[in-house]
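When the chains are written out, they are named A, B and C in that same order, and each has its own residue count from 1.
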Amino acid sequence: MQSKISVQNLSLTYSDGVESLHEINVEVIANAVNVFFGPAGGGKSSLLRAFNRLNDLADVRHLSGEIWFNGKNILEPDTDVIELRRKIGMVFSRPVPLPLTLWENVAYGLLLMGEKRKNRLDEAVEKALRLAALWDEVKDRLNDPASAISGGQQQRLCLARVLALEPEVILLDEPTSALDPVSTAKIEYSLLELKEQYTIVLVPHNVQQAARVADYAAFFLQGRLVEYGIGKQLFVSPKVKETEDYVTGRFG
Amino acid sequence: MKAQRAALNERIINSLIKLAGYSSIVFVGLILIFLVREGLPALNDVSLKDLFGSRWYPIEGYFGILPLISGSLLVTVGAILIAIPLGIGTAVFLSEFSPSWLRNLLKPIIEVLAGLPSVVLGFLGIQIVAPFFRRFLDLPTGLTAFTGAVLLALISLPTIVSIAEDALNTVPPAYRQGALALGATNWQTAWGVTVPAARSGLLTALMLGIGRSIGETMAVMMVTGNAPVLPSGLNALFLPARTMTATIASEMGEVATGSPHYHVLFFIGIILFLISLVVNLTASSLSLRSRKRAERLLS
Amino acid sequence: MNLPEYSRKMRQVEVLGINLLRLITLLTAVPVIGIIVFILIRGLPAISWEFLTQMPRDGMRAGGILPAIIGTVYLTLGTAIFSVPLGVAAGIYLAEYASDNATTRLIRIAIINLAGIPSVVYGLFGLGLFVLFLRLGTSILAASLTLSIMTLPVIISTTEEALRSVPNAFRVVSTSLGGTRWQTTWRITLPQAMPGVITGIILGLERAAGETAPILFTGAAFFLPRLPASPMDATMALPYHIFVISTSVPGMPLQIQYGTVLVLLVFVLGMNLLATLIRNRARARRQW
């Protein structure tokens, strides 16, 4: 059990002045599914966006603490954020295919890196689509607009788009909240396979999903980390009252 | 190596874009600088008292710009008096009463009006509007301030209609529904609720309409008869007049660079610049304030 | 007076009012159609191949208007060369780069002011800066530069608006995949906003093509016996030519006047129509 990302005393306030993350300390374990769960507004998305510095786009007023990744505090201003985002990929809750073809969507990250060799790109696209369990469904229509496939397929396309960059960490923020049960099952299955190679951080869209896939779990409530531990233990015998109330469905 | 070059390219492009972004400030500054540079010397050539005198007769050294200022005011006020009822009425009809097919038909037509070059309207003014008024009002000439005002009204209408209609459309539907639910008719709702709620947008429309009118050049120059005389009464509307813009346009071509006349024409340019500055700042602050208010209501 | 009677009266007033509004709207719209139809009818007889392709003769009272047509084309293209890259880049800056601070507000105020400055004042400015100070003389170049600055606010505003209408999710996704701001703009937002940007460009150039006052002292020529040979030459232009032949040439045949107006109208309204077509087509095709 090795830590991939280490969060230390992280606090974050947006321009509305409310502290959205308060003194967070948590470890993201390598080659495991790390689940961050809790009711909406708890700060889970904010934390994920801190990992790949996507919060740079948001209106952040105050940010303190450290996030250690590969021996560096990525909150330092001299961090190469482009490089960081290639290593820490992200899948969002709503599938957002870029207004390009399927092929261009998957190759997008590599194209941005300046990769121009068509055969390299083709290889990477196929590999990523296979990993995301989408290859067989789309291999004959790679030049169609990405908006033409179903919602479930689009979300797997978004996963493939991240995988094509061969990242170290994959952040998934409620990736199945807009999907039907079958597509949800496919994505969850992919995650279990992917954790062999990648470190996964998942914000599940309900407690059941959290319990199904979590190796490690962290419960967030109103910007605070309430409880953190091994997935099975946390769901079977939570130590803190709020966690218990939440996993047993008494609130949230 | 490749990454470094890409980063450098990116930095260059970003700087260029930023530069382009700032260019508007530079241009406004340049315009002001060059107007002042060529216009301020007018104060050396002509005393302030003479400059704001009532006689414009450059050949004999009379540079009183009061007739020109009052000419501009006369024509603009006339234009606005015509354009307000037409513009606001059209906007209210389009946004509150018109079936959508009619709106879809009329809006492009009004856009076309906005696209008509003012020289074309001036031409039609000479050919049609002026002769019509001469006969209809039994005037010695049809080239009068009034003819100019009519054309200017036409020119500022599209601005007024489109901004006023936008303002009416951004009134939250809840306002209308609330009034209608209380049993108000469409008519009562439009005038009692929607129009008052959109009033700052309507004022913006009005301000920009005024700005358009004061700044318009070719059409007024062609139809107002070009007589720089101080208006002496209400009937001045039906006599020839001369605006500031028309004076610059018709005389700048013939003056010697650096002469008093040249400097005074630029000085008039400074006045026009300042007027448009005030009008546009007022208009934009009006619409800015209204946006803030709406936000507070919604949150 | 009992209540039903009162409300019946009210009804009548309202019906009257709405009809009045209808009438007002007609008063606004009908002249436009009237103007166009009228100019078509009066101008069409003048249009011929010779009229469009020959030099003026007999003190412009006969022959064609080729130099004015060519001049307007040159001026429009010249304006595009300067104002399109600058305006689009500035629109990109405002939509994609600028944060909401005092400088950005100053830029916005500057743009609002540029949009409101009277066209004849642009003429003065062009005379002062380009013609005299930079010694470009009365030339196509000086006139194009003057028209460019006048056109900028239209292009900047429409570009910014078109970019802002592109969903933010695309920007977030592109950034999360390692895209820089420029890469995201160049590959995603700008192509998506392109129809709107082009519409704005055309509308801006349409205005430049029809303007007279800014070119009066910067590049327009009363009459030239030959076509302009370089950007440093002065040029005839349709709008100025209309002004000249309708006010300063005695005995000018009406037919030529209407014909020239018609040509300018076709030029300008053609651009307007093109802009509308592009906008509608893009709206119908859009995937988001």
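In this text, contacts are C-beta pairs under 8 Å (C-beta built on N, C-alpha and C of every residue); 3 or more make two chains touch, one makes a residue touch a chain.
A quick note: this is a predicted structure, and the numbers were derived from the prediction, not measured.
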item: Chain contact topology (line, ring, star, complete or other); value: complete
item: Result of counting contacting C-beta pairs for B-C and A-C, higher pair; value: B-C
item: Chain whose average C-alpha position is farthest from subunit B's own; value: A
item: Innermost chain, taking as reference the mean of every protein Cα atom displayed; value: C
item: Chain centre separation in whole Å, for subunit B relative to subunit A (CA means); value: 54
item: Distance between the centres, which are taken as Cα means, of subunit C and subunit A, whole angstrom; value: 48
item: Centre-to-centre distance between subunit C and subunit B (centres being mean Cα positions), rounded to whole Å; value: 16
item: Sites on subunit C at which at least two other chains make contact; value: 180, 183
item: Subunit B to subunit C touching residues, read off their complex; value: 10, 13-14, 16-18, 20-25, 27-28, 30-31, 34-35, 37-38, 85-87, 89-90, 92-94, 97-98, 106, 108-113, 115-124, 126-128, 154, 157, 161, 185-188, 208, 211, 214-218, 222, 245, 248-249, 252-253, 257, 265-266, 269, 272-273, 276-277, 279-281, 283-284
item: Touch list for subunit B against partner subunit A, complex; value: 2-3, 6
item: Residues of subunit A touching subunit B in the complex; value: 114
item: Residues of subunit C touching subunit B in the complex; value: 10, 14, 17-18, 20-22, 24-25, 27-29, 31-33, 35-36, 38-39, 85-86, 89-90, 92-94, 97-98, 103, 106-125, 127-129, 132-133, 149, 152-153, 156, 180-183, 203, 206-207, 209-213, 216-217, 239-240, 242-243, 246-247, 254, 257, 261, 264-265, 268-269, 272, 276
item: Subunit C residues within the subunit A interface of the complex; value: 169-180, 183, 187-188, 191-192, 287-288
